[in-house]
Amino acid sequence: MKSFTINEIATIVDGKLVGNINEKITGLGELKTAENNQVTFIGSVKYKRLWSQSKASAAIVNESLNMEPDDKRALIIVKNADLAMAKLLELFSPEAPVFDMDIHPAAVVHESAVIGAGVKIGAGSYVGKDVVIGEGSILYPNVTIFDETTIGSNTVIWSGTIIRERSEIGSYCIFHINVSIGADGFGYRPSDDGRGLVKIPHIGNVVIGNGVEIGANSCVDRAKFNSTIIGDGCKIDNLVQIGHNSILGRSCIMAGSSGLAGSVTLGDGVIIGGSASIKDHTTIHSGATVGAGSGVLADVPAGQTVLGYPACEAREKLKQWVALRKLGKQ
Amino acid sequence: MKSFTINEIATIVDGKLVGNINEKITGLGELKTAENNQVTFIGSVKYKRLWSQSKASAAIVNESLNMEPDDKRALIIVKNADLAMAKLLELFSPEAPVFDMDIHPAAVVHESAVIGAGVKIGAGSYVGKDVVIGEGSILYPNVTIFDETTIGSNTVIWSGTIIRERSEIGSYCIFHINVSIGADGFGYRPSDDGRGLVKIPHIGNVVIGNGVEIGANSCVDRAKFNSTIIGDGCKIDNLVQIGHNSILGRSCIMAGSSGLAGSVTLGDGVIIGGSASIKDHTTIHSGATVGAGSGVLADVPAGQTVLGYPACEAREKLKQWVALRKLGKQ
Amino acid sequence: MKSFTINEIATIVDGKLVGNINEKITGLGELKTAENNQVTFIGSVKYKRLWSQSKASAAIVNESLNMEPDDKRALIIVKNADLAMAKLLELFSPEAPVFDMDIHPAAVVHESAVIGAGVKIGAGSYVGKDVVIGEGSILYPNVTIFDETTIGSNTVIWSGTIIRERSEIGSYCIFHINVSIGADGFGYRPSDDGRGLVKIPHIGNVVIGNGVEIGANSCVDRAKFNSTIIGDGCKIDNLVQIGHNSILGRSCIMAGSSGLAGSVTLGDGVIIGGSASIKDHTTIHSGATVGAGSGVLADVPAGQTVLGYPACEAREKLKQWVALRKLGKQ
């Protein structure tokens, strides 16, 4: 078990220390359920009054709260308790699952694949023809990487994830469990006899930048031609659908169960709320935010926040909701 | 093929038998498509008139329908035809897929794992370091269990399911195919240079009670610290997202494609309809129901039914919908 | 790299050729990003003016645009540029991932399975007892097929897909990555003591016709009894939920993240937009269209287009949206 003095904790979070500093800190806890030898967090007035009953040995508190120390426990005064928490989570982060050997004998790696130094490949994983994996990248057990895909360095791919052929994946990415990259886009044409649908081949690929994280059971489809592109630093949550030929700029965020139909463009720093969906061939410009649950049917200007289904500028939608509520009561 | 007399069927469902009872029953059928030697079900007036054309040899009927027997077929009169159907489904339930051996030689089980009596592990499954699996539990082929996870007894885990490290799983659970348990929660902080996002480590885990069922391709994320908790007897459908630090009480139901953002609390017996989504840090109190398709943005009191996006009390929302329909016609 | 003369391209798409036809064509490109030796597409007036700056060596153009050739590049005049593009995508479609051997030694195939001529089975795949796979079908690595399932000929099953026992799959189908077929439907009854839920066994199966395509991470649940049925030629996108006992006619389309609750019936040629969800026991009759994001709570007549949540006839819903927008501005 990792253990630190309260002094060490205060130094790591760059905080001012007051009160009793003699206890050891061995973990993090929530205010109500923290135990002795844990550090907890007080970020807002609402939680301030709960401190007297907490069993935690120390609390990281926002300086704006002006809290007074008691003589039994420690307060560590910081500018931003959330940021301090993130740093302590890094400190207490346990070891990742072990690899007893770098490439497990029950993995199947094509002889033509180029595997970088320090790469680890778990049991049951499959690596196809001419795949290139950069140094320090990790494939946990039961990952499948198809032919001619390239993966940068220090990328982590969790179990159940499948990456289809000719994908280009950056460095320092994380693919969570059961992710699907590079399946065919969804496109058909009427058959010549007009009685059915004929599949349109999707001969493009998926290109993913550096530092991208993709959540469990999310999907990114390959392009019809050219590429479906996810820019550096994008963070994608679970069960997200990214349709073929969509293009995401840098550092976009898509929350759980949201989706982009085909050929959607996101600028830089766009935020898509949970369960929101975006119509095909739509552009959400840089810095725009789409509220949770929204259905976006038209382009969104840079920096604008839209909300609702059909989505419009957020304050306007809130007024509509108020008006509808009144109307229902008449 | 299993075969029972109509008398045996009547005894099993605790029903009163009238009409011709000489046929054998070898299966269940719907009223319209049932064949000879099948038993069918009549639960409402709407289906009563279809009985004369049905080929079924017997029908389980609600006593409230006052149906008259004919001399060719049997009626089994019960209080609740749905409940009788559930019992007969148990009776006719076929054998589960076979295991020719308990632990398949193509499974990879870490030498430190503790495997209970009668546990079965299919080909291609991976069981990590210090995993504990209770007696009678089943891992079908291509399951992945990471280090230090504990699984109770008589739990069934279907193929493609991944359970990440340090999860705690109860007894008599069912995890359907391609389920994702314990992926990192979705949380980031601005980078120190303000130009990107830094991952917040999620060092907590997932704790799942007894008798929990989780549907295909659903996801439960691990907590930031502490645990994401699913209480005893919860039933989760397919493609459901349960965000980090959410806490579900006992016997909650979440229908297909619904989702909880992070830190949502459900009381006991909460019902979440299909495709509904719940905002982060929201509490849905015990016995409340969220209608299908709803988007819940605020706490829901115990026992209340809410509906719509944004969700409000259901009758109020129905009035709003009526008012809007009128307004559109003006 | 595949290479064709512009003459050959024109013949394949049945187009009229004007301008400079001396370049070789080695691929397809979008108007803005196409390179020399690529062919591009101009289907609408909006894109016509971009042709002068394009680096493409040839453009397939709709005859309705009346475009004039220059002397450096070629125009291929066609009736339908989209259809021509589909044909060229087939032409330039690269080889599928390689199999160095038909049945990989790291696949586990039950001795009782019946495997047709030319079937390929990748590493880590599992094929259960009494499974039948028709000739020419392909199982990529890490596919799992349970006991007594039958698969027709020339069906392609991508990695991570799981097909549960007793499913019946047609010919010329495509199952993309991480698809889940045949998990138990979602059904429970109150326990006898009234304090919990008891699982209703789902002893039916899934029946899928010919030429069906199912997208990544989508789910089709098995029926309570009888079958969940997907008709010939249906095309299902990613992250789609199809509940137990649903029945889809021929050539239905379901876009990404849409869902059918249990016992939904779709006629022939029904189109379900992205993220739309359909209530249980509802019928959407042939030729009907459900708009993206809709929540359908009642039957939809043949040929009708419905929209919104709650969904109603599309023009009526658009009027409601206009009225609500006005109301919000008062």
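Each chain gets a letter, A, B and C, in the order it is written, and its residues are counted from 1.
We take it that contacts are C-beta pairs under 8 Å (C-beta built on N, C-alpha and C of every residue); 3 or more make two chains touch, one makes a residue touch a chain.
Everything quoted here is computed from the prediction, not taken from an experiment.
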Category of the chain touch graph - line, ring, star, complete, other: complete
Homomeric contact chain A-chain C: same or different residue positions, threshold half: different
Where chain A and chain C are represented by their mean Cα positions, the distance between them in whole Å: 27
Residues of chain C whose C-beta touches two or more other chains: 106, 124, 142, 160, 178, 217, 239, 257, 309, 324, 327
Chain C - residues contacting chain A, complex: 27-30, 33, 82-83, 85-86, 89-90, 92-94, 96-98, 100, 104, 106, 122-124, 140-142, 158-160, 174, 176-178, 211, 213, 215-217, 232-233, 235, 237-239, 250-251, 253, 255-257, 274-275, 292-293, 308-309, 321, 324-325, 327-330
Contact set on chain C toward chain B in their complex: 106, 108, 110, 124, 126, 128-129, 142, 144, 146-147, 160, 162, 164-166, 178, 180, 183-184, 186, 188-189, 196-203, 217-219, 221, 224-226, 239, 241, 243, 257, 259, 261, 277, 279, 295, 297, 309-310, 312, 316-317, 319-320, 322-324, 327
